[in-house]
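The data blocks that follow each hold one structure.
Each of the next two complexes has chain A plus one more chain, namely chain B in the first and chain C in the second.
So, the complex of A and B:
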């Protein structure tokens, strides 16, 4: 999920003032009494890791070190990769932009030195998702914001291979629309559909979640179309802490670990989070000290009042805790990191096609861990969250019933509504937030983007699971492993 | 109101259920409330016929309603249980003696025997004496640790097979959040169990796991049950913790969020790489502990040696798990030991690990 938009929330008006005030106060008091914890020379300017007071240079070293460690340890970016950074203008993605530039330039230098060899530097592009058409007109100034973003990204000699602005309404592909006419009518049609969709979803939390899902779909579509192999989000530990609390409150405890690992291979273009261990406040301070320019762009999350949605409630809750105890955000993130990750959260040893499989079967692991059962995860059609065992069982059971009816009645068409089939394949949180009323389900379904409605792949998985359950008592563990290996 | 009950469609609706937002009459509310608890008990197989069950009774609303409903369901559905009330006297002047009077009245009203166990008789100290030793800041730690063990000891005196506490859904959700906030992965993995310590000699059960606190208050109000609601005098602000406020805000926004948090807590799967504390017994008193001495013995030793802060402060070398007493006492009194003080930097370590 894109973080920057939410990260901005930490820096909204009063928070920014608090940061500035805090900075001034801490600077003056520490400058008198302490020197940097690491280099022992420069005056201390910021408290990092709760107890260490650092100067600006060492703060940057510390954060960049975390970034590089994440990238190298988990193979988040490889020489053959084409990397797309989701940039929102906020401080977190701004730091991510700066750090990717640094490792990119180093990679290019390295590849120059080994020009005879096969190694080369990765490619690098930046994308911003423009959601201005969903929020009230008087609060957004899209043209101005795009100009500001462009000046930040394409600054001087340091620029990525590509910078693109994606409109959120482009989550609808042109092929989806019935209109056969001029471009402007297609565009307005997309816009109307999107606005209708957001009107139909009543729940404020559901609106925010829907926007987040659409944003990811838009980024994935663009990345897939242009051959990108990695999507980088500037999600910080602070943002993840808020997600942990809000997902818990929505009953998504099972799928919670999926979206907060360094690597997330559920998507056709894997999502990586190299800034996962960095606190948002430190990133803001880093931008301040290094004069990294960033832009606050209002979006749906920043415009939601704290009492209106679970996400904003969680955000203000975590902010309150953070004031009380500075290490709270990191503690929450670290606790959630101890929950079991999913199979798609491990980057595959074999790069290329296997890393694009949603099921993320790992032949090498299958041979090594014979006793460990490798499961293909069923994913919610809307939010791509892994379905819990109970939800998976109910889907397989529903499929079994459908299959029985089909066998009894020959080729007779099932009388079940297509919306029911769709609902079965969504997680409970999405069912509650997006489809609380039965009558409106069909209406919402007709407006959803096609990519979110494609259930053929999932149906195939359900069928395989059902067939396996029928022969499960005859299977031996080795046979199972062999099957996986062959796959 | 002018509406009729959503369930029976006959009587006038008297309330709106916080859990479901249905408008129901009193009788239907009683039946729905009791039936849900019965379903929880049956589905989770909390009790077996012939068992002796000790109800942790503080005089507060949760334990009062629990004692009443358990006695009622025991008769109505023939659980075949021997039910007792078990109260802990912490020795807090002007507070505990009044709440114990409430429990004694409950004993007569419900016809259930009562046993009162005091800190003084078990540990040689009252809370008044402990507070005079260490002040008000950390006394909740002593009280929570001592009470938890006192409940076990009292239940053993009664020869009980099960110990029942009145922790409700709000308490469960709060415990899950607090364990997330404080990084206690060991407790996070088991704080949602409706029965804890099942392998041990004295399992603890929480029949109110899915029951909302507001509904418990409503039930007590409409049934005119006699309960005590004053807060502990040594932790006057304990009730208003950050997590509690957050949960109330969530409930106002989306009532089912409380059950959703519990569902999340049940769904969490701890990574196999994470080391979990090993269970053992205390060398000194024989109760369960993951350390050489249990927390109660450590604290008691400190008190007796005139070093009351022994066992309170964290040390860098210590790797003991933190203490959130999610299995402790029910009612208002549990507020002592899971409140903002616990969220502050000065969080005491504990070897209690049930």
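So, the complex of A and C:
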């Protein structure tokens, strides 16, 4: 297996990341009893699932094949794309980094051999979101972690176009720090504001989810600002299985399919998951065998008991199931994958490239189908989860009441509190997690980042839905063509 | 913890590695070179005994994050000489001199 740097079946392409550390001989009988299920030659090293035992080389081939299949089948990365990899330092995103390097090199070689203008390689950048502000001080060592990450990404033989470190507090823009309007005067800078926000959200699950939402907002802001067209996450089947359990426990079953598809177009910069079919064990072991260095960076749940949050409990639960039966994570994911995906999970091919009509900076998505009919889902202002039919009806009903009062009173001023207006546009899970106490809603609202409070487009869509409901009785449905005609 | 590697019939010399965050429980040290004393009457060292020894002699805090009952906590991968311990009889796997045992947590993936 050790190739001494001369290349071996473990390594893909031209780069070899194996190092010879001396022969490890084994003599006990169990160590030589199984051969790889795929190649039938090399000794088996990994129990990939219940029936397959693989050598390190075939494990790599299997995972890379899954990655390429996902990218090619679902057009996750196209030649015209500018791709940003969200790099957490963990094994999944480390493998994603390596595999993107592989397809990037191949794309660049192909573009050199093609006639001028007919083919080009995508652009590739890497971003790390520094959340050290939120992590307990005794676990956090941001300078050391950032240096390690930079050395992994930029100091090898291959490097992306850029590597950036995004501070989580930059989710607040400079403009919104001015203490005007609703902003409370005591919150004068980004650090204070973020720390105050996390102190106000007391539920441990809420804190973890809030951090996840802020992380995505920070990545989206950066990607949007720098012209990226794809955001790659190293989300594995294992993490998705945990999300299935935790989201179900939190009452988010309706929106569950949204975040687990290969393509998620509800964001300004579509999110793609090319490692969706790979389980964490395989990715961790691949990093070990290929000597792919990764960095463990503590998070909010490090050294905390699982009972502290729904996510931790779900993770612990799934791990226990996986111990019992190594195919459990895939089974959970495949079962959940049978739920119908949303319209924004299907990228429409236009002019040979996947494209998706997007609003600029707000959580409303639209896709153009063959009949050029716009389909919309209403999305929660905070977490961008699609709102369930009941939640959507509530928003439209609230809008109707407001409109009625306005028409009666002839006034544009609503007597409903701004905080109530905001809560109406959030899913029930966010309302429960972040705003369980009504008295604190205004306080939390005042220090939320502006990007999570922008409800202009949502309000416009709600208005359209309300108007449609007003004329619904006048619409005729043609049973032959399903076109609706106003009579 | 690490001692010189003078071999003895009563000890087994092993190279232990902890990763994926587990090193926090072991003084933030990833690699440990150790000599495990054999139980009286035992000729071979088994994984089961190694885990107990590691918990009692190397672990500095929070044993519940490393072990659950007699085995490792779910989510912790174990490699014996680069081989998944699922193929190696797990707790009954026999360890020999200069073997390398790697423990990696998958709980903080990503």
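By our rule, the second predicted complex is superposed on the first by the 402 of 487 C-alpha atoms of A that agree within 3 Å, B and C clash if a C-alpha of one lies under 4 Å from a C-alpha of the other, contacts with A are read in each partner's own complex, and residues count from 1 in each chain.
Note that in this section a residue touches a chain if its C-beta (ideal position, glycine included) is under 8 Å from a C-beta of that chain, and two chains touch if they have at least 3 such contacts.
Keep in mind that what you see is a predicted model, and the values were worked out from it rather than measured.
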item	value
Fit-or-clash call for chain B and chain C when the two complexes are aligned on chain A	fit
Contacts of A:298 with chain B and chain C, given as first, second, both or neither	second
First (chain B), second (chain C), both or neither touched by A:250	first
Partner chain in contact with A:91 - chain B first, chain C second, else both or neither	second
Contacts of A:338 with chain B and chain C, given as first, second, both or neither	first
Touched partner set for A:280, first chain B, second chain C, both or neither	second
Contacts of A:328 with chain B and chain C, given as first, second, both or neither	first
Contacts of A:320 with chain B and chain C, given as first, second, both or neither	both
Touched partner set for A:239, first chain B, second chain C, both or neither	second
Partner touching more residues of chain A, whether chain B or chain C	C
Which superposed partner A:53 touches (first chain B, second chain C, both, neither)	second
Geometry of the superposed three-chain model: angle at chain A (Cα centres of chain B and chain C, steps of 10 degrees)	80
Lowest inter-chain C-alpha distance for chain C and chain B in the superposed arrangement, angstrom	13
Chain B and chain C footprints on chain A, overlapping residues	320
Complex interface listing, chain A residues touching chain C	1, 24, 26-28, 30-31, 34, 43-47, 53, 56, 88, 90-93, 139, 234-236, 238-239, 280-281, 283-285, 288-289, 296, 298-299, 302-303, 305, 315-316, 319-320, 322-323, 326
For the chain A and chain B complex, residues of the former touching the latter	205, 244-245, 247-254, 256, 307-310, 313-314, 317, 320-321, 324-325, 328, 331-332, 334-336, 338-341, 388, 429, 432
Residues of chain B touching chain A in the complex	176-177, 179-185, 188, 242, 246, 249-250, 252-254, 256-257, 259-261, 263-272, 274, 340, 343-345
Residue ranges of chain C in contact with chain A within the complex	19-21, 23-24, 62, 64-65, 73-75, 77, 79, 81-84, 86-89, 93-94, 96, 100, 102, 104, 106-110
